[in-house]
Amino acid sequence: MNRNDVTEKIISTKVAKGLQWSAIASKLGRSKEWTTALCLGQMSASVEQARCLGEIFGLTDEEQKWLQIVPHKGTLQTPVPTDPLIYRWYEIVNVYGSTIKELIHEEFGDGIMSAIDLSMAITREADPKGDRVKVVLSGKFLPYKQY
Amino acid sequence: MNRNDVTEKIISTKVAKGLQWSAIASKLGRSKEWTTALCLGQMSASVEQARCLGEIFGLTDEEQKWLQIVPHKGTLQTPVPTDPLIYRWYEIVNVYGSTIKELIHEEFGDGIMSAIDLSMAITREADPKGDRVKVVLSGKFLPYKQY
Amino acid sequence: MNRNDVTEKIISTKVAKGLQWSAIASKLGRSKEWTTALCLGQMSASVEQARCLGEIFGLTDEEQKWLQIVPHKGTLQTPVPTDPLIYRWYEIVNVYGSTIKELIHEEFGDGIMSAIDLSMAITREADPKGDRVKVVLSGKFLPYKQY
Amino acid sequence: MNRNDVTEKIISTKVAKGLQWSAIASKLGRSKEWTTALCLGQMSASVEQARCLGEIFGLTDEEQKWLQIVPHKGTLQTPVPTDPLIYRWYEIVNVYGSTIKELIHEEFGDGIMSAIDLSMAITREADPKGDRVKVVLSGKFLPYKQY
Amino acid sequence: MNRNDVTEKIISTKVAKGLQWSAIASKLGRSKEWTTALCLGQMSASVEQARCLGEIFGLTDEEQKWLQIVPHKGTLQTPVPTDPLIYRWYEIVNVYGSTIKELIHEEFGDGIMSAIDLSMAITREADPKGDRVKVVLSGKFLPYKQY
Amino acid sequence: MNRNDVTEKIISTKVAKGLQWSAIASKLGRSKEWTTALCLGQMSASVEQARCLGEIFGLTDEEQKWLQIVPHKGTLQTPVPTDPLIYRWYEIVNVYGSTIKELIHEEFGDGIMSAIDLSMAITREADPKGDRVKVVLSGKFLPYKQY
Amino acid sequence: MNRNDVTEKIISTKVAKGLQWSAIASKLGRSKEWTTALCLGQMSASVEQARCLGEIFGLTDEEQKWLQIVPHKGTLQTPVPTDPLIYRWYEIVNVYGSTIKELIHEEFGDGIMSAIDLSMAITREADPKGDRVKVVLSGKFLPYKQY
Amino acid sequence: MNRNDVTEKIISTKVAKGLQWSAIASKLGRSKEWTTALCLGQMSASVEQARCLGEIFGLTDEEQKWLQIVPHKGTLQTPVPTDPLIYRWYEIVNVYGSTIKELIHEEFGDGIMSAIDLSMAITREADPKGDRVKVVLSGKFLPYKQY
Amino acid sequence: MNRNDVTEKIISTKVAKGLQWSAIASKLGRSKEWTTALCLGQMSASVEQARCLGEIFGLTDEEQKWLQIVPHKGTLQTPVPTDPLIYRWYEIVNVYGSTIKELIHEEFGDGIMSAIDLSMAITREADPKGDRVKVVLSGKFLPYKQY
Amino acid sequence: MNRNDVTEKIISTKVAKGLQWSAIASKLGRSKEWTTALCLGQMSASVEQARCLGEIFGLTDEEQKWLQIVPHKGTLQTPVPTDPLIYRWYEIVNVYGSTIKELIHEEFGDGIMSAIDLSMAITREADPKGDRVKVVLSGKFLPYKQY
């Protein structure tokens, strides 16, 4: 058994039971973004969180233990993603990558926006010309230091 | 001459004169995100915008014409970016890609978040534990339709 | 179980029963192009459509649920396709890619032809020198906007 | 000197003079699709066509000779294109590739749609919800034969 | 079940029974080149041919049906083949590729040598300094046409 | 100066003077296939051959010396060729690769068809349904030996 | 002019003058590791540091300005490095990568060792069986947090 | 059975039993770094070490024999690692690669730091601003010699 | 069943029984280099050799038949090998590749050193500073000929 | 100026003057293998050796200094080499890679054959059936040690 087996069981149980990520997140008491990432094998759970998910998805003790192990992360199956929804994000990085770099450096100096100390929120933005997806990313700025 | 020559001239002039993207954007009357993307060869300008940038960067008539041509877009030099700041964005897509896909589909159904009808805003978020980079993305949801 | 299992069952049932995509599409009341893409795991079905396909291919309730889930899309097994028929389409993009870009920009300005709000029709074009394949693509033009 | 030098001269002259592909095609007496592909280094010209383009773009005799040479074809700079407009076409091949294959084989049997004996027409399709790009491709069906 | 399962059954049956491709081709009444390509999953069979191969290899009705389906073609497992015999052919394309292009264009003009309307014959050429492999390829010339 | 400079000079001189590979081969007293490969930087010349080509293309003494150096060989610019004519040859290797391997082993046993001790002849094959390109390859069979 | 031009000037001046990185670092008042990374185009300098390096390497005002710009980082020319010394480090990541991951997670939990808030020290370790290279890396642990 | 099967059994047993690498290393009498690498299929064990691990993980005699076989090494699943923790190490090689090369050559001359005669120690470094990961690498310097 | 299944059985049997390649080679009456390559699926056996290996490894008749089939050759799992021992050979080709090319051409003229008509011998070379691996390669020179 | 410029000057001077690597090696008092690798930018020279080569190739003082700098090594232009002579060496690693690994481990245990403490000798081996290239490689065995 490995973490991937647990992830696949979670996903197929979710489809069979017709569950919603937002409802699962409510039960867990965490954001729907972090909760989904956890269920998809990208984050690690506490004992209590693993137990909570265990009840929702019918996971054995061993499967719950795997949820507490830090997983091997990464969900892209190829360097350039093929799914159109995910590709659009790759395209944003491609088209705006140098712009993002310039503007963060202009504001903060040499360093990066953390992808670890990061939170994300995805919401619907009503718009008469067609609703929009609003994504807010908040990542700590980490400066390069001289030594 | 091609668009890339103009981009390089803009960048080297910016360094030589010590200009700021946000100040350039103010003169252009557009957001600093769109303005920077334009200057870095990812967007196309109107005649007036090209003239405005022409004054800032000392561009010839022919160089201004190139700013009005739709460029061949994309700033990544390799499928996986090597610069640490830009890579963190690739990593966000890699770690959170399947999460973003699940949550947008849960909220909107089958479709994508547009990377064309998209705006982006990058700001500083003050934080006692270290300031944060806040990025807000707003992209129109485009549904797959049956036919 | 996952969507891929359902796709494989559909394909092998189609061969075993000797079915035709156009006949399946008629039963579903949709174009043969969209119907085939759905059956090959690229589109998502409504409850009724899943039930209709379930009868044609003998799918269980759980398999029908998978047809309603938005799939991870993409059918190319390598960045450059190897099958000669599919490769010819890649070659069209390769040889005519810059032409398509130039002409759409000349007519519409900066933006793209949508691959989401898109329909496709494939028909036989009789020709004394050998019949031809006629493909009509209709995709909404999406402009880049300034902000 | 090589064909690429001539292509670059044509493109930069077009920008400097503010020419349109459709107008150039009219002077040449060919479709705008084929004419653009020729100017972008993907097709080869007759002596008369080379002379006609030579007048439009101010090409020397040697440059006109290069237009008559069969070029090394292909416009993609990477296996997966990065420009958003061209990528959408790659995505169509990716998402619909297996569908196109199935439907052509269902109608014609084993073989391919030619990318050589092919014509293409790109037009505007007025639509109250936003104009559309209509592309019609016509390629001869070439059957695999037994021997 | 899929076409690949049938191909693997054919290959392992051939080894177990010690059959020869040329003998199989005689029974089928086709060349050994086309017959081998069919058995290796690159061509499609008629009902009668599938039945004939069914008898030779002990294929079920469903397996015979798969032989009549147009397969997803391509036998290289990597873009550059690793097997020494197959690599030599890749090397011929690599070393002589530009030569082949120049000479076909010199003789025929702009166009290609078809890989679909193609036949191949592989024979032994006796030679006192060591026998040689003689391969004759005959492919229809397909011209690019203007439109 | 390097071999590539000489190759480019030969090619651009050929276009400027309107020469034919077959005529050049006649002057050299070699086949058009080997001669073209030599001129394109894939073979090496004797002193006399270099002098002969030197007269045809107006090469200096140093340029003639480079023709006598064994070049770094290979003409493909990417692992999978993009030019349609050359790609068709890659496709032949892809579709027929396993067939070629099987049939050469059936006739000769374990070993390869040499890509070094190889000759090639490209000719026109008249055909009422459209002329064909006939290519004859003759390569020495080299057996793997046990030791 | 760009940052790469300045880097190349620094390197060629260093060779021509026979300078040592450790001596340059002493003048700059920083570690030899950070100083070398700065000179090789991976870090950014303050005005004073740029002036100091300007004196050592004879840099113009504009060249000194480029040293203060945050560079596009990354020194590997291919995903897998070819230089034997640098490859050994890639091999360490390859062979010990999963070990490093396991042990950091065992000690610290889910998170990463920062490559930004990082210092490095390279020293000689005398050893009778052959001196050794000792490298000490110190990177801040950054935990993934739940939200 | 192969080495990979044994590695997977070790990992899943470790999770199921809740073992620690450092405790396993103590029982084996080796460093936690080398022990973990051994358990993850990168090093080879003596008979006694295999027996010791066999008791900890419940391995059969045949599984213990596989621990004594030199494994096929390498833990990266893609040339550029996707897991954020491991990627940071790749980034260190990318950003500091040329610096490491310069400084080792400056101190030792032409040669490499061995990745074979190498030891590694990973420890926690307490720090009021957040604890740090300290990694000490010690690799023998191997000079290129002339011959 | 395929050749790979037989190779895996040979390898796992060798580990389970604790056999040596050199002893197996003695029984077969061939060099240990060729014998190991045969057992690892790179060479093909005669009937007698297959029977001899059949007795050593307990192979069935059908498994012995697979040893007589020419295998699909190649043992590298990625274009650049990851195992340190095998990588060192890749590095030799990388660092010394142009040297080997120059010196063979200087001695023999245009052509190659055969990788088919090749023998290899690997032996221990005692050395007070540490024993060495001595590898002797003997490959027939094959000249390119003009035609 | 960089090392590559010096390498190119050496190569073009060698062609223009018609020099031989073996003669150059004699003047330098080193093997032809090491000398060629040095001249091709893979090894570094002492002051005296640089002076000696400086006389042979007419190098300036600065160019001689570059010969004393440790170069960025590696001569392959693509991961899989395209030149037939160099490819044959890649093929040897591909076909015999696992064999070499098995036999060195059988003789020496876990470790590698050094590519740094390595010498190589290339000679002609007279043979009535065609002369052979004999290559002797001698590399120190480096054991993995436990810690």
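Going in written order, the chains are labelled A, B, C, D, E, F, G, H, I and J, and every chain counts its residues from 1.
We take it that a contact is a pair of C-beta atoms (placed from the backbone, for glycine too) under 8 Å apart; a residue touches a chain by one contact, two chains touch by 3 or more.
The structure presented is a predicted model; accordingly, all values stated were derived computationally and were not measured.
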item: Result of counting contacting C-beta pairs for E-I and A-B, higher pair; value: A-B
item: Listed pair (A-B, D-E or F-J) duplicating the G-H contact set, over half by residue number; value: A-B
item: Distance between chain centroids, defined by C-alpha means - chain D, chain H (Å); value: 53
item: Centre-of-Cα separation between chain J and chain G, whole angstrom; value: 29
item: Chain F and chain H, separation of their C-alpha mean positions in angstrom; value: 49
item: Per-residue multi-chain contacts in chain B, two or more chains; value: 33, 72-74, 76, 79-80, 82-84, 91, 94-95, 101, 105, 111-112, 114-116, 142
item: Arrangement of touching chains [line / ring / star / complete / other]; value: other
item: Touch list for chain D against partner chain F, complex; value: 1-2, 62, 65-66, 69, 72-74, 76, 79, 115-116
item: Chain A-facing residues of chain G, complex; value: 30-31, 33-34, 43-44, 70, 72, 101, 105, 109-112, 114, 116-117, 119, 142-147
item: Of all residues in chain C, those that touch chain E in their complex; value: 8, 11-12, 15-16, 18, 78, 80, 82-84
item: Chain J contact footprint on chain I (complex, rising order); value: 20-22, 32-33, 36-37, 40, 42, 73-76, 79-81, 83-86, 88-108, 111-115, 118, 120, 122, 124-125, 127, 129-142
item: Chain E - residues contacting chain J, complex; value: 80, 82, 84, 87, 91, 94-95
